[in-house]
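Sharing a structure here in structure tokens format.
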Amino acid sequence: MPKVLIKGKNIYYEIYGEGEPLVLLNGIMMSTGSWTSFIDVLSSNNKLVLVDFIDQGQSDKAEEQYTQDSHVETLRELFNILELEKVHLIGISYGGEVAQRYALKYEEGLHSLVLANTTSYTNHMLKDIGESWIAAAKTYDGSTFFKATMPYIYSPEFYEENIDWLKNREKAFSASLKPDWYEGFIRLVRSAEDLNITEEIHNIKVPTLIMSSEYDATTPLRYQEEIQKRIRNSKLILIQGCGHASMYEKPYEFVSAILGFVKSYNKEIKVV
Amino acid sequence: MPKVLIKGKNIYYEIYGEGEPLVLLNGIMMSTGSWTSFIDVLSSNNKLVLVDFIDQGQSDKAEEQYTQDSHVETLRELFNILELEKVHLIGISYGGEVAQRYALKYEEGLHSLVLANTTSYTNHMLKDIGESWIAAAKTYDGSTFFKATMPYIYSPEFYEENIDWLKNREKAFSASLKPDWYEGFIRLVRSAEDLNITEEIHNIKVPTLIMSSEYDATTPLRYQEEIQKRIRNSKLILIQGCGHASMYEKPYEFVSAILGFVKSYNKEIKVV
Amino acid sequence: MPKVLIKGKNIYYEIYGEGEPLVLLNGIMMSTGSWTSFIDVLSSNNKLVLVDFIDQGQSDKAEEQYTQDSHVETLRELFNILELEKVHLIGISYGGEVAQRYALKYEEGLHSLVLANTTSYTNHMLKDIGESWIAAAKTYDGSTFFKATMPYIYSPEFYEENIDWLKNREKAFSASLKPDWYEGFIRLVRSAEDLNITEEIHNIKVPTLIMSSEYDATTPLRYQEEIQKRIRNSKLILIQGCGHASMYEKPYEFVSAILGFVKSYNKEIKVV
Amino acid sequence: MPKVLIKGKNIYYEIYGEGEPLVLLNGIMMSTGSWTSFIDVLSSNNKLVLVDFIDQGQSDKAEEQYTQDSHVETLRELFNILELEKVHLIGISYGGEVAQRYALKYEEGLHSLVLANTTSYTNHMLKDIGESWIAAAKTYDGSTFFKATMPYIYSPEFYEENIDWLKNREKAFSASLKPDWYEGFIRLVRSAEDLNITEEIHNIKVPTLIMSSEYDATTPLRYQEEIQKRIRNSKLILIQGCGHASMYEKPYEFVSAILGFVKSYNKEIKVV
């Protein structure tokens, strides 16, 4: 299993295919394993790079609280080690927060930026949601944790139509997650608590795609419209009938938007 | 304090003003005390009736689990005692669920029905939300309970703009709520778990106003559009920029919609 | 027939009922006759005042081009003659433009302002629509005129469901309208061409209700949200599933919103 | 200039690049010339085929009225001549109507179908819009024609921000269009009048992308949702802040959606 030692911690990554690199940054409860179904389609014309943040998946657990900026530095070193001079950086939710921070610091290393279902500010509601997730995590009970988190992740329609899949995941979660996973999750939540870069992101100049979902109540459209206003070279697409976890609810729309953007972000189309 | 003894339990109510009766049925965490600011405007042309369901406010606590149908019977007896032959029945969220059940059973006692931010079916997401609320209630900790519930109640904008008010309410909640309140709350949640009257509500013939909110992710617009399709003599209004607790977030719009409906529900306007 | 002579022209009006006066200002193709079905419900608690602008209905035709401000002065004199010290001024589309101008000049004579499906600015699209309407009017052919105007007035759904009613109206239009009607219509269009009071309406302090329609492509929601931002003491309601002519497509919702607002506009409801 | 003689008429086409063929079918007022800015980006991985329908651009004018089915047959023969065994067929508005008809008849010749801002049914409103366009075309006056048609094509925002571009186009239109162009346009409108394949399109099985625009009042989202419901293997994307002519208002979003779809339409992504 490919891991690199960065700042004393093993960071797990996977690489597939060849071409301009696409780097996927996971949402908070995800890991490289969440992307299994997407590997083929996303690596057919690009070098696809998956990576677990510290406290995620097969990367090491942390011993103390860290900041999202430490992820930025870890990514920077990882890209150096992997000799990825320029990448398309694609961040989902929590991963999109880290992606924005990366763009603010190391924009010269980016072809483009894709921000899916994310925010530039942990508002008071998100803070309280985070606290309720932490309270649920501290029970170390998979079922309690699942019920405290899933309604924020999926749309009611998806929830209803895929209840068996969700209940199976709940069982798998409950069975597999160990206390140190919950403790890592709590650190990840805490690292996002002070996020407030709304007044900085106008400095991002790299071509940016913002993906929002019609039924995402956790990071709703109007907050992503705020991001779009500030990042001048940005496009926003809205996925209809979809909740916060767009890659699960609408995988084709999610993939298609990324592939289309990566194909056209640097082309000139002058109509008006 | 006006209370009546119904089925061995004291049920608390308040009455203001004169005219065709408006009866307000509380949301699950509300009580008659939640309506203080609305009494003047809602009682200026109508007899306004506030009532605490069993396990709410100043009504008695239950000793065992009950159904929403038992609320229907309690209301029926209350209206008999108060000699309210016909009322406008206005239900908010949980209260709207009870109001639909009432209309299905005792429609002849209604002038009209107002259903605000409610549903005819406890879907799988709502069930899990309910379970997460129960888990939080079982901590008997006001702060934990508040953080597990409030993000489902208010829109992100309202949350952000009224964070001081919310934090004061959290403190007041934490200080005042006793274990028996949380136990009552759990019974109220459980009484809604099996709600599924979607295929029955086409039998409701009384003029009905359905109120939905743009940012209500708990009982979203599209579910209330389903209600509207089924209740033929119904109108739907949408309150813009508003979350689940429309009466708190947009009190004027909430009140105006009710007053306008109560003034016009039985008038004929034949344009087409 | 009640008419008053104002600035040498007969202005036609109708009055019904008693109470705080509600004055309805017509849309551009409307007249007092358009409100027949609404008289009962709108005059049950209020003095309802209908009025034809010059070049509308039973008022005189103009001999030369006028401005919307001349309507404001006509209304002012009419209210003086009728001894209407304070009114609720309700303007639909073109009438809403005049209503805003009235509020900017004579706000002390208003209890409240209702602006339905209107704008504070004739943008370039509206200018071109106006020109296309004028071109159609100049054919003096009812069928040509109808087809050039109706798609801007109704939603596709309403159009589809009420095609017989629309085609009957087209025939009635074609049969009844005389050249001087079309010439009056052209003057009405021209009087709105230079409307641009967006930067003035923040001076309107009177309680204001803004009514918008989901499918109004002629004066869409986002333009009325601009009005709402500027008039501080304003509420906005959106009528779902409805085009520009909300009073025809959703008469109950239209009436209910007005009656509810007029009942509650000056009440205090202090929640937060 | 590449033309082929089909059924006695010269049909004009252009071909660029190599790869799986993308065939673009124009909207009613468009021609191959409308796509100049898009050639580079759309031909970088695909063989891009542009074509003028009869009565469009550099194809011959018709001598009598035809049906949309005759376009289908023309396309069929063109693809045979060009030895395009399988294509991605992309239709815009009127072109999307023809594309659906093509898919119903010759689906085996399609990799995929893209339907942008189109409909499966000329409803009564569209019929009247068509009649108003014909009335304007019969004036043979570019300015009159432009004002009767453009408000249906662009969003108010685009109209406002690009008024100089629009006015220049109006002038260019007025100067260049000859009577036979207007006569051809009228035939094109008439060929769409009886379109009603809503109850047939469930037979389309080829992977389909439906593109809709937030502010498209001519072929609005809800009609394209109807198409999506019927074509089972279809995805719908919505372009925010965009009117009917999505390729002009949001060229990057338009191109990106097509390129992403063409890259991923036949990939398997199995999440749930």
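So that you can tell them apart, the chains are marked A, B, C and D in the order they are listed, and the count of residues begins at 1 in each.
Rule of thumb we're sticking to: contacts are C-beta pairs under 8 Å (C-beta built on N, C-alpha and C of every residue); 3 or more make two chains touch, one makes a residue touch a chain.
Chains and their UniProt names: A, B, C, D = Proline-specific peptidase.
Since this is a predicted model, take the numbers as computed values, not measurements.
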item	value
Both-way neighbours, i.e. chains that touch chain B and touch chain A	none
Classification of the chain A:chain D interface as same or different, half of numbers criterion	same
Chain centre separation in whole Å, for chain D relative to chain B (CA means)	50
Mean-CA-position distance for chain C and chain B (Å)	36
Contacts with two or more other chains, residues of chain A listed in rising order	none
Graph class of chain-chain contacts, one of line, ring, star, complete, other	ring
Chains touching one another, given as label pairs in label order	A-B, A-D, B-C, C-D
Partner chain B, residues of chain C touching it in the complex	37-38, 40-41, 44-45, 162, 165, 209, 235-240, 247-248, 250-253, 255-261, 263-264, 267-272
List of chain C residues in touch with chain D within their complex	123-126, 128-129, 131-132, 135-136, 139, 144, 146-148, 150-152, 154, 156, 159-160, 163, 166, 215, 217, 220, 223
